[in-house]
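Pasting the structures here.
Shared between the two complexes below is chain A, which pairs with chain B and chain C, respectively.
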Partner chain A sequence: MKKIINTTDQILDQMVDGIALANQEIVERLPETNVIKQKDISQQVALVSGGGSGHEPAHAGFVGDGMLQAAVCGQVFTSPTSDQVYEAIKAVDQGEGVLLIIKNYSGDIMNFEMAMDLAEMDDIQVGKVIVDDDISVEDSEFTQGKRGVAGTILVHKILGAAARSGKTLDELVTLGEQLVQDVKTIGVALSGATVPEVGKPGFVLEEDELEFGVGIHGEAGYRREKMQSSHDIALEMLEKLKQAFDWQAGDQYGILVNGMGATPLMEQYIFYNDVHQKLSEEGLDLAFSKVGNYMTSLDMAGLSLTLIKLNEDYLAYLNEAVDTAAW
Partner chain B sequence: MKKIINTTDQILDQMVDGIALANQEIVERLPETNVIKQKDISQQVALVSGGGSGHEPAHAGFVGDGMLQAAVCGQVFTSPTSDQVYEAIKAVDQGEGVLLIIKNYSGDIMNFEMAMDLAEMDDIQVGKVIVDDDISVEDSEFTQGKRGVAGTILVHKILGAAARSGKTLDELVTLGEQLVQDVKTIGVALSGATVPEVGKPGFVLEEDELEFGVGIHGEAGYRREKMQSSHDIALEMLEKLKQAFDWQAGDQYGILVNGMGATPLMEQYIFYNDVHQKLSEEGLDLAFSKVGNYMTSLDMAGLSLTLIKLNEDYLAYLNEAVDTAAW
Partner chain C sequence: MFTVDNTLTALKAFASELQEHKAYLSDLDTPIGDGDHGFNMSRGAVALEEALNEENFENVSDIFKTAAKTFMSQIGGASGPLYGTAMLEMAKASQETAEPAPIIEAGLKGIQKRGQAITGDKTMIDVWEPVVEAIQKQEISEALIDEAVQATEPLRAKKGRASYLGDRSVGHIDPGAMSSGYLFKVMLKAGVFDE
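For the complex of A and B:
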């Protein structure tokens, strides 16, 4: 394992410092925590997300006006503890309440919900939205139900813009519960990610293999196959997404192609081109696109494809300007 | 080699289509070329850059209001041909002239200068700025003098903002010639990049080795060593940069940490933290920072560190909002 780090026990602390220092016009580190917090929060419902580290720029790169007000960074691939989430909630609440956006992993659910209980004892109103966009497998190593993956970024963006526009906590929870039904993702891996503390890849694919449905922590997918073309990978993933959405010609959709960490943007754009061609043939109205590394899995090679069934509100929220490091 | 592509001869064409389709509100593909062009160009000197592909998001991701008006995409690691550059110049000229921003590689210089001659025969005023920010080696496989690398992005941004503000072509050339003296970069590689047509890495580093000074096409660096900590890598690179700049306490600088493609953002932020600490100890005023994959080398692991000696103008230009996919 070759990684540009110092010691493995300093990774989280030094990364959080790096994020805060590099983006100090927008964010700050909440003292004695691993929380990245927006510096000047306007009067609104505040959004808090987070999870294990290793998915950068998620989530800290999305802290800023119009998206998240704080991101809680756990150890690599490990949920942040409840006390850290609790500190984030207290730090960002402007008296209008706090909305937690949680990826559906057992550890995250437990710790974010414990923090919610603690904050409610302080009379802070807290709501939650659980993102479970990964359609590839039901239940998984660390999950009851479906996993939360790259679609979470679109949830951040839409709910972040809605919160800024003045929606109440109840309205945001209702919007979020609908939204997570409209966002679905499927991934493919070409290699495993190496957790620094472990020092070797979490799983190994042969030089001619890929695996469909791998999670962002290297959780097993649904099928291992021989390597295939971008076009054929796109067809496989779109077939699964079509079953899940049951779209009709004329429906309006948005596309997020997300690199897992080690896959060059060149390949992501070639894959995007195949996806776009196929969805155009299906007669969909493609009104939003984003391509790049947004929810990574350390140095995993591969990518995920997220589709969102759009409506006028979602599209307007997606297109609003934000002030973040990574959107 | 595992890559998400179709056939190797379609890579450039399909990538350029993907870029244009994914960012169609901002850019378009110039028909029958590999040129990505800004859709609505205001009345100003137009900026054209480009080079071999494999460095995405450079350069096409920086086309848009306030940066480049066109990027010419060559085959992987290969200069675009002069006719492609010539088409780009003709397509973006608004009657105020065109400025070419060229990375210092023999092939690029030759083809961009030939295109310049062709355009001048059409009575289009064309100027050029040659970026040679890589201080690690003099002369190289494909270069006379120093190579042009990630610092080029800062040149795009500053000259792009200056062009939008209404500066003339002559003023931009003068500004650019000063600017390239104020931008210096040094890189480190942990692995070689695999050009798809070749199918194996351009060079191989052992599991415990790194190489300082490697270029963005895998050109040899200045020293191969045993793997070391982020802190020690930062010290080595900063020592070289200090010699080149001869900075004094109180001087104002900006920092760009650029991932080469396969190095996670987590590591880039840890490295940024080490750089920031060290430069703060040196008494520099660090007024601008950027961390991420901007000028990549396919799937190479490693990063580069660019410093820019700032002044009030540079800083204002760097901080201006732009409408591009990747800044």
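For the complex of A and C:
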């Protein structure tokens, strides 16, 4: 393992300080916690998200006016503890309530829900939206259900803009639940990620292999295959998405191509080009695009493709300007 | 019977077991999870050791309460809330009784409520449940604990991250079951289950 760190037990603390120092116009570290919060929060429902670290710029990079009011940073690939989430909720509540945006992982759900219980005992109104956009895993009673991955960023953006526009907590929960249905993601990995404390990759792919459907912590995907061209990878992933959305020519969609950490932007744009071409051939109206590293997995090579079925409201919210480090 | 002495002895021994076996627990977690169960538990164990050495405990309930708070605030992931809730429920139950069966059963119920898993899902419950039964029948032994831990190996996971692997989760011991096994063995050794 070769990483630019000091000691493995100080990774989280030092990263959180770095984020706060590098973006001090926008955010600050909530003292004695691993919470990054927006400096000056306007009167609105406050949004709190977070999860394990190692997904930078998610989630702290999306804290700021128009997106999240706080991000809770857990240990690497480990959800934050409930007391940290609770501190974040207390710090950002403006009296209008707090909305938690949670990715569908058992640890995240347990810790965020425990924090919700604690905050409600303080008479803080708290709502939640659980994002489960990863269509590569089955949503069955025999699994934990679909995972929350890169599509979460679009949920942050749309709900963030909606919260800023003055929507109530209940309205945001309703909007969020609908929105989660309209966002779907699928990933592909070319290599595994190395958690610093572990010191070796979570899984190993041979030089000529890739794996479709991996999660953002290197969870196994649905199929391992020989390496293919960007064009063929795009076809496989779009086929899955097409089945999930059942789109018709003329439908309006947005695209998020997200790098997993070790895949250069050059490759992400090549892949975007393939996706855009194919979807244009299908007759879709592609009204929104984003390419880059938004929800990474440490040093994993690979990318994910998120599609969002747009409507006028979503599109307007997506296009609103925000003041964050990473949107 | 839980006493202040044997509860403290057991939990301190649990903390050192977790630190000693952190690499092994993480190795168990690598093929079916994300490889950090040992590191997470060990972070909680270091804090637990400190917290237990700091205070003078007058009753068993306060010891479990301290363990609950420490695990919830230090571990994160799914293990923090699950172990934390178990300890919290055991703290509540030990205000009423010193008998191990109802206390550990309260912990089991806490885990079930928090994690929504049932027997056979390949989770820590697959150890907690047979252990509770064995204590009730006064048949608890090191061999029985080991057997319960090993019995998670052929199961197909239905909860947690391992559930995404489907059939590929078969053939691996559940790391949460293993760490739970350590907990019950140190309790056995400390004399908690003696008459």
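Methods note: the second predicted complex is superposed on the first by the 322 of 327 C-alpha atoms of A that agree within 3 Å, B and C clash if a C-alpha of one lies under 4 Å from a C-alpha of the other, contacts with A are read in each partner's own complex, and residues count from 1 in each chain.
Quick note on the criterion: a residue touches a chain if its C-beta (ideal position, glycine included) is under 8 Å from a C-beta of that chain, and two chains touch if they have at least 3 such contacts.
As the structure is a computational prediction, the values presented were derived from the model and not from experiment.
In the superposed pair of complexes, A:137 makes contact with chain C only, with no contact to chain B. When both complexes are overlaid on chain A, the residue A:18 reaches chain B alone and has no touch with chain C. When chain A is checked against chain B and against chain C, the one touching more of its residues turns out to be B. Once chain A of one complex is fitted onto chain A of the other, the partner contacts of A:106 are limited to chain C, with no touch recorded for chain B.
In the superposed pair of complexes, A:181 makes contact with neither chain B nor chain C. When the two complexes are overlaid on their common chain A, residue A:81 makes contact with chain C while staying clear of chain B.
Common to the chain B and chain C interfaces on chain A are residues 76.
Contact residues of chain C toward chain A in the complex are 26, 30, 34-36, 39-40, 43, 72-82, 114-115, 158-161, 163-166, 168. Listing the residues of chain A that touch chain C in their complex gives 52, 74-84, 105-107, 110-111, 114, 137, 141-144, 147, 195, 197-198, 202, 215, 217-220.
Considering their complex, residues 2-7, 11, 14-15, 17-19, 21-24, 53-54, 56-57, 61, 76, 190-191, 207-208, 210, 227, 229-231, 233, 255, 257, 261-274, 276, 289-293, 296, 298-299, 301, 303, 325-326 of chain B touch chain A.
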